[in-house]
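All chains are identified by letter, namely A, B, C and D, in their written order; residue positions are counted from 1 within each chain.
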């Protein structure tokens, strides 16, 4: 961290600042120029509050040099993390496709699609039981019953299952779920992050609609700080001025996150674009730039899905995507 | 709602669509042009899923005409809502200033500032007990103990108190709090919205960093749909490309929300800008364009606040703001 | 400027870097920590290319401390600039309202509105002759003829006139215009900026739709570097994800620009919001937070304007806005 | 276009509106519901000003159904356009890589890189003579002399050349240039678009930093409306809140533009990300989702480029990218 002082700083305040910084076990290097003084802080600055320093009268500016995350930081953990989900590995060269319906609607639906997507090449099964919906009048998911049906689909298909938690009070219902998803709107639900950080279960963490990559990794850090190191990151589009797609899929985040962190990174082209015909090209693009996996919505009849129908594929269309992805995979970016 | 069909739609699918729309008790008006057919839906379309219709093969486009919110809609409730907080009224011509520290740090601090801001013109007191912090290594607030101290400050000053809830499991601790704040990062925490919708207590709902005004009102609608009509909206800046301020304060939202809803609307210039010297001009601007109140961070010593120091005023600086606001108030926009 | 080096930098490259920096007459201060070396550059760094340094193998990060603009910088010019437009002063405590139609359509229209807005309180007259329109099929303005009509309105009303230039090849037509406007889409048309920088005429520079305040000041710097110091800045809304208003009016830019620069700052609430009923509240807000003036669209019959009708006021509605602005002005933020 | 009227519209105004719409040769279909009247307009609505109609007292809302562009619209031109550049074809299955330095700096540099990128697989050569730079104090390009050097490199290498025009007054200098680039900051420089629309030369049009896909196509429409149908679109990143990359590369725009228009679409990963190590993964991703080509910055010594060094590759690194792109090309999305 670098602190730039204003001209002619009050000496008493400067002494206070320096003794406070020393109390945090930081090495202090001062460079005095004709009109500017720069203080370089060397050591572990993760707990130093930049805005607090910035508010001091004698300070012109503060700049962070080191990343504020440790557990998620590739610098301190150079090897790729491989997350093992009931034997299905993701990360470190292991590529997986997670597929399934946006919403769980019935036993027949959820079991049939599980068998269909398994046959088409998915290795993990997703289905929404608790659904975050913008409108209180829209279908909110089958909730507890939905999780039960998902676990039946798991038994029927043999695929490990992923589903989203919306509140920490629901966590006991997720005991037999293989991967717990923390959705985009909960990426900064810090109480929830702390709770899932105490679990012995992989967490699929989706990037928030308006969150930077650094904030994304800080949320992973919340989970890891609790002891749970099995975090899978998921890019799912950010909110921008462009309205032709539901969100703007930020694929450059894939190789950039790769350099920042050792955690696996997957991409959800269905939610990112909100347009089913874009799922195939964006799945190919995500694979090409080095994603460790994809998360794709599949529905037995897209036109009749109770939610998010616009972004779902039929099992046949999904198979076409999965096959194309497998073809392109050997030629994808390896870093 | 208006549905535009593709050329030569499949007749069977069209019949299915129409009978499905009829089953929702909607009036259907069809306009057949040379190459385009338009279906107008008249009636209560709040529960109709646009994306689902949009996904149908025969549909070119869908456009919503009526707002998807009812309880929060000024059309159905033309009179301004006045929220009464232990005798302090906000909305419908009643203007109030909420002030207090970002974080509660000690009994002395929280009680002293309460007395200071009351003397300076605040009519409601705020203080953070549970703090949403981006980093797991940053101070997370005094939590339960913080709420106890806030209630002591309430007793000492006589000011009703506002504080933020971060998870629905903490709600029992908020029984004696006068207004429960739902923070920006929880604006779409739908499970929390449902729970506070069951309470008999005013809710201060902050706009999310990347949420549209319509989504903001849909979140108010979640609370109101549960029976709690005492919702106060708070504009606190949105995330944009501009980084000179922490967020971009969207003041046009004040008169625009005024036309969309009957709920009171306040503005938080402290969090919106993140720069204490901007609090005064933006407080004046917010008042001028018709806000029903302000929410301002005040700290006894800004440079030593444990969090968000950069945006806090001293009590003396706050008094200067409050006085200037009272001077400009008679000349503000009245609609 | 601060350069942070990677661990164990190649010594040859480091020497090259340092001798290159020295060749730019910069003072160099090195702070060597256990694992990080920081180079502080002190002197005039406006011409130093940060990205170039950032691309060097041995560099971890570069941070700019000083602003890259000089002529527009309040640090080097603490007094407010007052721009004199044929006797009408703006800035440094002088507040002015610029009003007039989006497009010039006929002699009667342009002269009548000039008399109307003068009577209602405007001191400068605006009218569009060259119109930037998104569609090639939309009305593109009366062009040369429009400027002639505007000059007739100037004669008829006695008001100095402001109009937009769209290409530097048209500048000869602007000889008798009092203020030349550079529109938002041309804020980074650097060739145009250089040309208007050679003129002896005030320039009204509008902020680009997606430009930061620093970029805005860099564009002012382009004009001033050519010798023309009479630049008036105009905030007119930025593009964000919010679509309820045409753009998001960033009013915090007014006091923030005030601290960064000595140039006058005005606000255009008409283009910013695109909604005529928001012009009054946002005019009051802009005045309250310290703007030096307003730019408001006025049309004799809003419903029949050939362009931008949605944001125009009638002369009577404009008078109501101008009167309310004058009432609030004495209570506005003075810094 | 669909116009939704307010309840109980004034009958005189309604008649005026309808006769005005009839005067534009539009078919009018009215649907009268209990509380809403919908007017459907069928015919060529490209010249109808939505905002003007929206401003009418009797109108609640207006929605466009048909795209406002014709020449660029795939609906009216289903076959892919293939642009022929001195025998090098792009679009309709023809994939090309454009490479070269950001800035032309000397004869040796520009000729050497031309030979290098040709050997590595580029089929078109780019080099900047006129450079849009944010700072007036930064290198502005070699200008006229730069174009001469670029033409020497064309002769030396045999590669057709692409270079950017910054103002229409410079166009005579571009006579022997093969493709004229209109940069992101000029995407809505409508006077320039009109001028290049009169040329018999391919135009490479870059997407503006904050422009929607529809606005992008409207700018192509400006060029095509002048008679020049040889427009190549280039996605080069948009401005968002994310600052980890210079811009956010919006790759979903590639397949989406493909469905909207018949024009070729290329991607510039260098400018989009501003980080040279991201050029390879994003080149692979762009190819995978169906781009017709790439535009990549190459420099003989990235660390010493006079501008944009951070995003440039060496010829050897470029060859690695070009080879990987050729390997993945057969497996890319074909629509």
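Going forward, a contact is a pair of C-beta atoms (placed from the backbone, for glycine too) under 8 Å apart; a residue touches a chain by one contact, two chains touch by 3 or more.
Note that the structure is a prediction, hence the values are computed from the model and not measured.
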{"item": "Chain hops separating chain C from chain B, counting only touching neighbours", "value": "1"}
{"item": "Identity of the chain that, by mean CA position, is farthest from chain B", "value": "D"}
{"item": "A-D compared against A-C, more contacting pairs", "value": "A-D"}
{"item": "Centroid distance [mean C-alpha coordinates] between chain C and chain A, Å", "value": "39"}
{"item": "Between chain C and chain D, centroid-to-centroid distance (C-alpha), Å", "value": "26"}
{"item": "Chain A-chain D separation of Cα centroids, rounded to whole Å", "value": "31"}
{"item": "Per-residue multi-chain contacts in chain B, two or more chains", "value": "210, 239-241, 243"}
{"item": "Contacting residues of chain A [partner chain B, same complex]", "value": "46-47, 49, 51-52, 54-57, 68, 130, 132-138, 140, 166-170, 185-186, 188-194, 209-210, 215, 218, 221-222, 225, 239, 274, 276, 302-312"}
{"item": "Chain C-touching residues of chain A, taken from the complex the two chains share", "value": "2, 4, 27, 29-36, 38, 40, 42, 60-61, 63, 65, 239-241, 243"}
{"item": "Chain B - residues contacting chain C, complex", "value": "210, 212-214, 238, 240-245, 248-256, 259, 272-273, 275, 277-278, 280-282, 284-290, 324, 327-328, 331-333"}
